[in-house]
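Common to both upcoming complexes is chain A, partnered first by chain B, then by chain C.
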Partner chain A sequence: MNGPDPTGTKVFETEVLIIGGGVTGTGVMRDLALRGVNCLLIDQKDLNAGASGGNHGLLHSGGRYASTDEQTAAECKTEGDILKKTAPDCIDECGGIFAAVEGDDIDFAARFADHCAAAGIACRSLSPLEARELEPSLSDKVFAAFAVEDAAIDPFHITLGNVSHATLLTDSTYLPHTEAIDFEVVNGAITSVLCRDSRTGESVRIRTKQVVNAAGAWAMNVAKLAGCGDVALLYAKGTLIISNARISNGVINRLRVPGDGDILVPGGTVSLLGTTSDNIDKLDDIRPTVDEVDRILHEGIGMVPGLENTRFIRAFSGVRPLLQAVGADVDGRKASRGFRLFDHEDQGLSNFVTLVGGKLTTYRLMAEKTGDLVARRLGNGEPCKTATTALPSGDAVRWTEPGFAPRYWYKRSDQSDAILCECEMVPQSAVDEIIADEYGASKHMSLRAIALRSRIGKGSCQGSFCAARVTSHLYDRDIYVCDEGREHMKDFVSERFKGVRPVLWGRQMPQMELAEALHCGLMGLDLLGEGGDENDDGNADLP
Partner chain B sequence: MKRQTRHHKVQLAVIGSGLAGMAASMFALDRGLVTAQVGNTGAIAYTSGYFDLLGAADGHALHDPWHGLDALRRDEPDHPLSRIDNDDIATAFSLFTTTVSAMGIGYTQSSARNRMALLPGGLVKPTLSVPNTMLGGIKARTHGARALIIDFTGLQGFSAKEFCANIGSSWPGLSSATVAFPDMQSGRQLFAEEMARALEVPQTQKLLAERIRDHLGEAEYVGLPALLGIHAPDHVHAAMENLIGVPLFEIPTLPPAVPGIRLREMFEQTLPKKGLTLVPQQKVQRVEFSDQGVTLSLQDNFGDVMIEAGAAILATGRFLSGGLVTDRDTVHETLLGIPVCQPSSRGDWHRQDYFDPHGHPINRAGIEVDVEFRPLNDKGTPVDEHLFAAGTVLAHQDWTRQRCGAGIAIASSYKAVEAASVLLNNARSKLT
Partner chain C sequence: MHDIIAPTIDFQAKARDLLPDNASYDSCLSCGLCSSGCPASGFDGMDPRRFLRMAMLGMNEELSNTPWIWTCTLCQRCTYVCPMSIDVSVLVGYARGNWPKDKKPQGIVRSCEAQMRFPSTSAMGVMPEDFVEIIEDAVEELHEEDDRFETLEAPMDKQGAYFFINQNSREPATEPEELAPLWKVFDYVGADWTYASKGWAAENFCMFTGDDEAWEEMVKQRVNAVNELGCKVWVNTECGHSFYTLWKGVERFGLQADFEAGNLISYYAHWIREGKLPVNSDWNTQGLKFTVQDPCQLVRKSIGDPVADDLRYVATKLVGAENFIDMQPCRSANYCCGGGGGFLQAGMNEQRLAYGKRKFDQIEVTQADYVLTPCHNCHSQITDLCDHFEGEYRVIHFWTLICLSLGILGKNERRYLGPDLAEIGLSKDAP
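What follows is the complex of A and B.
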């Protein structure tokens, strides 16, 4: 199926090319694979590099949208129930609370229960005392509270599971670091897409019958590349922060018109607080800032006062791709959370589809609608099966869940299985499993690629020790054979620093000082290429 | 049991037990000062074992540190090393390495140029003085000698393959082998410190040497992670060389690493024998100044301790050692609340790029001192005439990026002790 063409360009053939390795793209991949379709998924970076990896991991009950967007709220409810049944390993059914504190809009709080009822969302009124019994970290200034069926979901586990399942079902393939650069169109149909491997610069041609554009925030750019000018997106950058320990039992939402630090979501052994919303024009160099972190904390402390003294280990940002209707409001937070499917037929293309907008919670539904259209175009009569088929939890996809690795390690109690990442207790067997089952990830596995598929580097040491240990391990396993390991390590810790930088204060400062002493003083990463290549290094004074 | 306050009356009190504190006590004892030292162990266990003077400037390696210091005086006049002339720095460094060698860990002496010392990942760094146990690696690489690099089953963070793959372009004659350390339960994770302690036993040395010899082949040198004993590394080194039959060298490992543990244990055991009153692992809780000097108060497991001294040296280090601390907006000096020279807001603490060659502004935050190394208050005058400061708590330096941590610790301690000594002598002559 694959092989170089006469010009030396690598050629792949597939029924459906999917552009974008987030929850939506991988969701479409699995949806189609369940209908027996072979897919090829590409991402210009790696899985969940965009908004799918830059969010709370909140499986919305729908409460958040009950007051503003009844349809989205109802979809959240239906889809949340489906995912809880079909992907229980990825979900923590921790429940959630909406709480209003002194100073918040009393009327907004008073209408909440009615709005939930209208959208069919279960919601139980709590007294302030009951609310604080459920969530002791809540402010004592709570005046209204409701319990809802919010849950926490691991978007990395979902994405990895989707790819893994699709690979298993129809031999579908995933190519990371592969960017679409040109579409070949013959008689109103795309026949092939020319891509570039962003690490090697090599060209890759993908021959395909159908193309799905699920590039998230980049979907407008991809559509334009295919000659379609009908996709208009608004970019809203959102930033969140991660604590080093779990703060609440369940999700805590501020019961008011959404603001910067309104949602606190547990993620296994940690908690995530956010989210800011700032409109941006450009998609490159998205990173969290000190100002955003301070805004999140300022708002969050009003709801959960203990956040004032919480230790935060990282911040991260995602870009929400929001549909821009003509003449619409340009406030990202008020823009529609609904999704839309473009069939592009009025743009003169018969086999290209773009799906944009939507939410993590409704990704399956988006994939179903897309799968329906693409299957019909392929003449495939199979129905969607994702609402009833369980997502298998394979060996290599379980390492992203906070707290899984230590449970695994203690249960296995094999002393020779050395811990490579002490903060998150990731053993070398986990790294070996990820390397062995890399479903199309790079041959020379980067530290970043391993970290994406595990908890490595996500603990409080900020990758000080684990970056070095995993690198050593990869040399021992002959994955690295030259000096490429140094560059991978430098790249990995530089990337981690983007998220660490805005939460550096207090107890994180000693960690940072140690990290820098290790990375620079002991590993010499800041002086790479400055090494001992001079020819006068101290011969004269050697005894 | 009644808790009794123990009083120590000394001439000089050193606060802090990192490299700067240890150097200060050493220099003070050398000058015949009656000295007490208090403080948590600093970041000394995190050292590679190399003593850097000045190894980098603006993201470039420096081969001639003395010339580099001349340039530093021009470019960074406020840098602690810029305030000390090269002769004093050389004197302090030599006195320090000579004394450390005499106390039981052989170090090379200060020289004209930096040596390119080996790092665990197979890179090299410019440094001034290295333990004798690590010198062979520099020699072997300079001569392009065939060397066998050993790592150990169960010892993490040092891979011989990794070392060889990365240093291979400048040192082609390398081979690697993995050896099981003798008499340690197989399969479990091993730690360099326990292996080093085990290697002080001749029988273990013999067993390990045999296992290494199995892989020797044509190798002219053997390199292995730093674990050749804790207390007498030069003896263990010599014994192992003798048993293996070729020169042997150590390579630093990830912390907590043996070279730092060696230094800490040596200081803690040897300095009290020279007369130092050492109150280890305790934090000073209160400092009071009087016309006669300084009084430090603290508690240890046996009760209250009070140290009255004619002068004190603050060598409490930075964030890792607890000398500096931050809240969300501001950096503070922890013991006395001495003003900290720092960037104006948290947004300016760090640059966007982790490896920006200019380093992060927060790393240059610290306390300011006058020419006598006395900390200054917000009016720019000494906090107290009896108080001096040394080491990385000082502002205007980036010890990590500039590879100058030991240099600052040693040279500023030397100057602080010198100034304290003048003060103490003046006070004594006034009395007599």
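What follows is the complex of A and C.
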């Protein structure tokens, strides 16, 4: 920061301003930092608040696209291999299978192996018996199955790692809760971006040489703000549900034309079943619905019958920003999963770039292409290094990994290190480390910011206990004063409840009755004044 | 982190196998009621909720090797208070069985081995012929000492007797003078009963080693002994886990038992109600205060509150309602004293006493002079707690007080009574 200008607005100066703290934005931040460039990353909410947080956490082998989009499939294969090498701490190489069950298209299944071969994707045919030996939860109505190299990836670990590494390399900065509201353009170049801190309402001016728009689903809005009308996006909302325990050993994909509820991905100690795909035209109030959950489950049960009696702890939604080509089909699933870089030169801007589309699996490649363009514009001749440089896994970024905190705690066996989150066994020391070391996140760490950077609130109790305990701990650490902590806690549990509500049956029901007794009956959070909406970070957390 | 000594168990999968669908680990609310009421919470960084959560988080290696499983007494208080009725003790027991024999607490292992050695099934190694001789000697001694009992019998292997009475090894092995009060009670009510030379022992440490086969073998031998004699009712004497091990064992291993499993406390209550045991509290002129320790194995784990009611009925009849003070919590919600699960034999004295501090404090609050408990392990542990934490109370069996009240307690049958009761009910010319 370079101090306030005469009007009292905070001023920052950077070489590259990146808008959007998802995997792509943070990927560009690290890509450029590895070329020696100083960046400033902003997000209107916090890291992975959009699609980067609202997905399966699936590192595609490419099998999913082999039959429909050979290029994307091949990219998935190449990029998947790179990430497995450079970010092994973020990836569970659990493998995956594609399985067709009675009623699925026999011809589609029969052509799968050829399509994989054409895209260069490893794929091994399995007998139904072999498939069920690999995945005992699989339906006994399987008639065709293939093993592929799918893996599970923790997008939070990736994002946190990207920011952490960039900060370390070039003193790059991340500002959460900072929304771009105006672009100052001089002679066809953006010279500064005026932003607003959504928490304090304060203005922030960022002087910059280059601007990267990586705002995901919001990229079209940001481009328009900069006067560019060339970015046309299609919004497809996807909903997923999370089980209380891990169901399968690896990824299970339905071997058929992609549809609802046909991918089950392990997320460490849980499993994620999804997705739906529904076109929407507004980005406000994205939340999962009972209808979506019903659809996912109905389809999923055909593939994994045990899902019928599985305890689900939450649903969540993300919005896929898909490129809308002229005359394109409006079906979100059929739209290209490729990505595109807009240099906006035909829009009269020489230092603005927008990248849209793509996938979690190919985020690094998108960042590389963007980095190449921005570096060239800066006159920086350094090549991209992300394909070969390992992503460091520092102390403060490791807490998103399921099962890490309890192992760490158990190994240390320090009885004075109280467990704050019982479901995921996150100790006090983890929260303290996140508060102390977390680069940039915020000078003012909130319950929600800590939850984003750890497993807090993601277990079966969905914040029933840990919300109160972490809040109390933050009061103990003088981070919260007055009523602020209680208000944040109300926001947090209300946000979790949006996701819990559509899966509220069976064993999750008594859990939430207990939560209600605690939060409303005991703490009176329901009587706490309205509010919190301005702190709404959206469905930003992938459990 | 502890040394790797045991093969790794997949606890989540085992929980699915061994627990009912609606009360398996997947139903946990993380509420912690289990842990807050568990005296083993905190040892080795563990508690019941942590055990379950670690299972859900896949920490199988840690759980397979934690020595905490020997600190948990399998008392099932966690299950009792769990809103979802999840039984943590099932997998703790399974994990015990998974430890290599030479790494398990050797005291428990040796007790089980002793049981396996002779058809007595006695953990103290009392052989059938020794048992028969000890009983004969004790009967003879009683005949000589008190002419009121010169015709009293302690039948052995009596075919077709109504009651089959088991016997904790402690009395025949180390305190034979404690045998007679129980016989006097049977004599008083005119019970048709018998001991057996085989399968007579009450205790079963094999169950605590987690070795299911050994547990089954012990119960089989005992069940066969009762079946062979054709008795109608098998009665455990004042030993908590002896009831559980047989009653549960018959169900668990699908054994053919041609008899009913009864417990002595309920028979005491029954005989008092019927007027066959006309006990009263007239002797308690000093207003001595009494409390009761509910044995987890008999109350919470087996029969539940009905036997807790019987315990209190008998106790208040014996000492006077105004002199009876319950511990809180009690009955099925009672805390384990720390003598269960083989803890007394496990050689982990420091942990055992720390575990028992909660029980000691509960007793102290009642300001009782005596703790009545129909369980040998409770008896030993609560006595140990008194010595260690410097309490003032004493621990006694029910049979002692029943005989005292009836005026038939011999002078040498008072080892657990204090000076305040040493002379009460002794006739001037009694031995």
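Everything below uses one rule, namely that the second predicted complex is superposed on the first by the 527 of 543 C-alpha atoms of A that agree within 3 Å, B and C clash if a C-alpha of one lies under 4 Å from a C-alpha of the other, contacts with A are read in each partner's own complex, and residues count from 1 in each chain.
The criterion applied here is as follows: contacts are C-beta pairs under 8 Å (C-beta built on N, C-alpha and C of every residue); 3 or more make two chains touch, one makes a residue touch a chain.
Owing to the predicted nature of the structure, the values given are computational and were not obtained by experimental measurement.
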Contacts of A:L233 with chain B and chain C, given as first, second, both or neither: neither
Contacts of A:M523 with chain B and chain C, given as first, second, both or neither: first
Touched partner set for A:G485, first chain B, second chain C, both or neither: first
Which of chain B and chain C A:Q415 touches, first, second, both or neither: both
Partner chain in contact with A:A468 - chain B first, chain C second, else both or neither: first
First, second, both or neither for A:M509, with chain B first and chain C second: first
Contacts of A:V431 with chain B and chain C, given as first, second, both or neither: neither
Contacts of A:I252 with chain B and chain C, given as first, second, both or neither: neither
Touched chain A residues, chain B compared with chain C: B
Interface residues of chain A shared between complexes with chain B and chain C: 415, 419, 465, 510, 514
Complex interface listing, chain A residues touching chain B: 287, 289-291, 294, 297, 414-416, 418-420, 465, 468-469, 471-473, 475-476, 478, 480-483, 485-486, 490, 493-494, 497-498, 501, 504-506, 509-510, 512-514, 516-528, 530-534, 536-543
Touching residues on chain A, where the partner in the complex is chain C: 244-246, 269, 309, 311, 402-403, 406-407, 410-411, 413, 415, 419, 422-425, 459-461, 464-465, 507, 510-511, 514
Chain A-touching residues of chain B, taken from the complex the two chains share: 43, 46, 48, 56, 59-61, 63, 108, 111-116, 119-125, 135, 138-139, 141-142, 154, 156-159, 161-162, 165-166, 168-170, 186-189, 252, 254-255, 318-320, 322, 324-329, 345-347, 349-350, 352-355, 357, 360, 362-363, 400-401, 403, 405
List of chain C residues in touch with chain A within their complex: 1, 12, 21-22, 25-32, 42, 44-45, 49-50, 53-54, 56-59, 62, 83-84
